[in-house]
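Going in written order, the chains are labelled A, B, C and D, and every chain counts its residues from 1.
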Amino acid sequence: MTEKIRAAIIGSTGYGGVELIRLLLRHPHVEITSVISSSTAGEPITAGFPHLAELLPMDLDGIDIPLIKSKADVVFTATPHGVSTAIVPELLEAGLKVVDLSGDFRLKSGDVYREWYKKEPAPSAYLEQAVYGLAEVFGEEVAGKVFVSNPGCFPTATLLGLIPALAAGLIQPNSIIIDAKSGVSGAGRGLSLSSHYAEVNENFKAYKINQHQHTPEIEQVLGEVAGQPVIVTFTTHLVPMTRGILCTMYAQLTDKLTVEDFISCYQSYYKGRPFVRIRRKGNWPATKEVTGSNYCDIGFAVDERTGRVTIISVIDNLMKGAAGQAVQNLNLMMGWDEALGLDVYPVYP
Amino acid sequence: MTEKIRAAIIGSTGYGGVELIRLLLRHPHVEITSVISSSTAGEPITAGFPHLAELLPMDLDGIDIPLIKSKADVVFTATPHGVSTAIVPELLEAGLKVVDLSGDFRLKSGDVYREWYKKEPAPSAYLEQAVYGLAEVFGEEVAGKVFVSNPGCFPTATLLGLIPALAAGLIQPNSIIIDAKSGVSGAGRGLSLSSHYAEVNENFKAYKINQHQHTPEIEQVLGEVAGQPVIVTFTTHLVPMTRGILCTMYAQLTDKLTVEDFISCYQSYYKGRPFVRIRRKGNWPATKEVTGSNYCDIGFAVDERTGRVTIISVIDNLMKGAAGQAVQNLNLMMGWDEALGLDVYPVYP
Amino acid sequence: MTEKIRAAIIGSTGYGGVELIRLLLRHPHVEITSVISSSTAGEPITAGFPHLAELLPMDLDGIDIPLIKSKADVVFTATPHGVSTAIVPELLEAGLKVVDLSGDFRLKSGDVYREWYKKEPAPSAYLEQAVYGLAEVFGEEVAGKVFVSNPGCFPTATLLGLIPALAAGLIQPNSIIIDAKSGVSGAGRGLSLSSHYAEVNENFKAYKINQHQHTPEIEQVLGEVAGQPVIVTFTTHLVPMTRGILCTMYAQLTDKLTVEDFISCYQSYYKGRPFVRIRRKGNWPATKEVTGSNYCDIGFAVDERTGRVTIISVIDNLMKGAAGQAVQNLNLMMGWDEALGLDVYPVYP
Amino acid sequence: MTEKIRAAIIGSTGYGGVELIRLLLRHPHVEITSVISSSTAGEPITAGFPHLAELLPMDLDGIDIPLIKSKADVVFTATPHGVSTAIVPELLEAGLKVVDLSGDFRLKSGDVYREWYKKEPAPSAYLEQAVYGLAEVFGEEVAGKVFVSNPGCFPTATLLGLIPALAAGLIQPNSIIIDAKSGVSGAGRGLSLSSHYAEVNENFKAYKINQHQHTPEIEQVLGEVAGQPVIVTFTTHLVPMTRGILCTMYAQLTDKLTVEDFISCYQSYYKGRPFVRIRRKGNWPATKEVTGSNYCDIGFAVDERTGRVTIISVIDNLMKGAAGQAVQNLNLMMGWDEALGLDVYPVYP
């Protein structure tokens, strides 16, 4: 066996962080050498996460670049927006490999970042350096790189569901409406009334209509694929469940097309990629069918009456929407099999 | 006090039926005199519903028209599709008032019914006689009538959310996309894998895409309002919760319009109606905010970038989407205040 | 109709407070004249609770005794422990009637309060004045009084389930083990990791084992009933649901007894009381069967093999465990029918 | 690598069956060669379980002993009670290794089986041959055997939580009260009103009080450990969640003992066993902390006031309570590391 690379996780006490730990603990080529949390440094990680008892008997480190440098080869930054902006450049300058899970390096335009995130963007040199790690689409660009920006959860589900059709010219770019639904873990472990159990349970609601910060990320990539600017309608909803994203996407067809045309187009586009599964006609994926795994499952319906296609895609937001895709990107960066360590299958029911 | 009218409920062991019982037990002008179930006649209703202990110490009757005639003045038929078709005409011929909660008398065209419900329609004379009881829109037609067809749960939320805009010409009729989400109680008390706890909990999925039987009901009414045929895209999803429907509706604007234009239009349309509440700008309703009540709450977002409006409407599917609206219709039929007995406020949280 | 009394609610933006609003809005003899919140005074209550739109168009007041005095005849104090200690004496001295929903006036001994609540107790004169408002047991003492201490949620379920058996000598006092389970709303609207959706959902846990502050309240009342000190084992658990408490209680029988003996004993004890329902043999209550209502349902199992009885009691913690019982106490204080305004039946499912 | 053994799963379309598939798909020494279902033979298993798409492209077989014999070396029988009784002897006679997950071979006395299961027991020769596979207690007896009876879910959580204390004489055998709580998946995939979403969600209830068929299994093993007959009080409750069992167990201490005494006793008893984790003082396990994993976590509280200990144990009912423990038993039967293929860590949150 090759020597293991040493990994540090900044933000390891968030949900994305502990999911990374679940994966990296079993990854054959990786060893977790530092778990980092600015707020609870010095405590054992098991104090806040007893499920890690005996699995990771390790105290939390603070954010200390020289210390990280001495302990790790690669760093996952699972930090809130606006925090990675400052840390990531330092890590890169210290010669570390970085997979950033925040939204700070996904948008190529600092101005667009400022508009949607209401924060100052990272220096443009780093925005340019960051490779957008949607592995099934840009995986070849990731190979061998030292800095990958991991896609957002909603963009992952949305883009994997739309790109093949858009690239093949099956749908009209500016007719796209994305009705997205997410479990509550997407909002993280930070306390807020909108994640308070009695407010969320037995409740369903929309939020940030037309204002979600993932909108420009989706439009940036769709525009790149379409070769023209694409503007979408994007609505997010909160589902009373912990994990899972389902996107229902509507678009006007460019021609008389059938479900079979879409299935064939997508099977061809994703041929050989282990984490996208295309459903047969009349079958649409449910979020539970990917829970705990790195899959994105996609299904289709075409309505002759309206000339529209309905595309359904599902992911586990903490896996393919965060930690799973981050590990997949690490694998690609290192030149390993992209599925390495990701043999965690859906937990059903 | 006026003498109470006597009410019978056919299908009283379904969820719509027990919700009717909850309401009618407290209605000042109604007395429940017969609860009817074809499958468990002879048993006390509390055998299957212990929550009714001491509230309704009554045995279930079978479906026996002369017996019903002797016991009741009005009958609520909360029966599965295809059952009301046969029973309702008999009840009407016996001189009883009827509020039918099934889908059997909502569509004016027997052919359309046959196509979407895959069953034989009721005789057309009865289809014509049935008044479609969407109280806020057709309430004046309901007044004094003896036979009302209670709207479906999805059509209620959808139509209340779309009609004012369509009637006022604010949106393009054939651009309408309805992304609907429902709690599980909408599927009733009958057992099926898709209502099995471990399959539904911590899961979210779409179903019957482009095929839901409520589609032609929505299109029939929208077409009537628009004065031209309207074809919609309609998708239904199952939310892991018991009660509640939220519809996210998208349409292309006919002009440069603002959220304020929509608020003003809807406030005017629903002026004086006690059960529709319009949200202020930037605020959208959540299902829990109407749970247990007869309210339909509606909010708006307008996107200048796309020229589309997003309309959110919520109801409790068992209340405004079934039993609550049925009682409201009874009130209108009898010439009573439409809110009588409906002072059951949202149970929050 | 008699003139309405004017009611103020301190702590009206907590879950107990909004449940009081739901009830008092429909109470025939009460008018809500002031809703009070120290943290959000000046805002409309609908800002935080849109479900009250059009039902209670009222701004929140601050805690201002003269203002309360000018607006109200009775005050409900739905405040956190340690807050009522200071406010209630002032309200009483101002001549207001008070129903206190906190734990500050339930224990007769200030020392015991200090030990379990880790706070300073209220002056003993007020502790003595407070009538413990477990209506089915001490209702006659409540009648005509001006100050009632509303029982805790766990004590209500526990005491109603144990007192008849203990009073009749059917069970051994010091053999009692109470295994209690509660929905999350019992922890209130304040944010904490233990009420964070992703931590609670699909999870079940015990908390405060042998340390819950309701323990001495239970023991005080059981001791009074038994005529000797009673020490219990009391464990609380958190159920992934919003409303409901179920207590499973175990005790050693004093003699060869049957389920029928218990049913007969309890039916006799609670004869004429509208809110306690005794289940028939082999039938045990579920929390949903009382949700939204003021009922406490109780069932029994006797095991000949072990000589133990198992008693199951359920309540809605926000109703019979808080707001419902508070209204019941107001009714008794005023000499009204104890069920007035409490005709809110279980919302099922 | 050693050659893989071939495994067949009877009852592979139940929840225990699909969990076995999740584990065996990744087991380094096992290959799934037949998935068997009497009701849906001939269909692809992915028809009912789309989450297995591309993971197990295999059609279901019927129950055909010669076919099984030709395809497999070991058979997991995840069948309902009363079905294994007939099948298992045939499989054994055909020379196959068997891990039985039903309750048919756990009780050594056919009479006791008949009394609690209301079915005819298996022939006593097979009852005697079956090794009770509670690995941490009887693991040495399992090694090298060909037929293991996998413990029930409640007995696993209960026995692991009680045996060390009972064996060490810390608790009085006949004072034991077990208050058990389970998620709904324990009831399987078969449809019933008690697993119907709208009946279970936002609900909590007890069932089968003093009558659960796992009672004699618990008593048989505790009696064996104590060297005298042990009779327990055992209550089961249904929690509105999919996975997880938590048992709260009460017993009278035999002496003045502390939590530290229990921790020390249990750490010693389970030394070297990878799947039992003992919590430190003041910390009690929650079900989510073991979800998806094979762990059993145990915590303690001692109450000086009552002289009782409270023991909390948690497992994932489909893992340590079924499929996980079955794989652990296979490992022991084969002489492999007992943790092989069980590196599936808790999925949190």
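The working rule: contacts are C-beta pairs under 8 Å (C-beta built on N, C-alpha and C of every residue); 3 or more make two chains touch, one makes a residue touch a chain.
Values in this document were obtained by computation on a predicted structure and should not be read as measured data.
Annotation: the chain A:chain D pair of sequence copies touches via predominantly the same residues, more than half of the used numbers being shared. Remark: chain B and chain D have CA centroids separated by 46 Å (rounded to whole angstrom). Distance from the chain A centre to the chain D centre is 36 Å, each centre being the mean of its Cα atoms.
Centre-to-centre, using mean CA coordinates, chain C is 39 Å away from chain D.
Residues of chain C in contact with two or more other chains: 15, 183, 185, 198-199, 201-202, 240-243, 285-286, 288, 291, 349.
Chain-to-chain contact here is organised exhaustively, every possible pair of chains being in touch. Here chain C touches chain A in the complex through residues 15, 183-185, 189, 191-193, 195-202, 240-242, going by the rule given at the top. Per the touch definition, chain C reaches chain D in the complex via residues 174, 177, 179, 181, 183, 198-199, 201-207, 209-210, 231-233, 235, 237, 239-244, 246, 248, 250, 284-288, 291, 301, 303, 305-306, 308, 310, 312, 349. In the complex of the two chains, the chain A residues touching chain D come out as 15, 18, 22, 25-26, 49-55, 185, 201-202, 242-243, 277, 279, 283, 285-286, 288-293, 297, 343-349.
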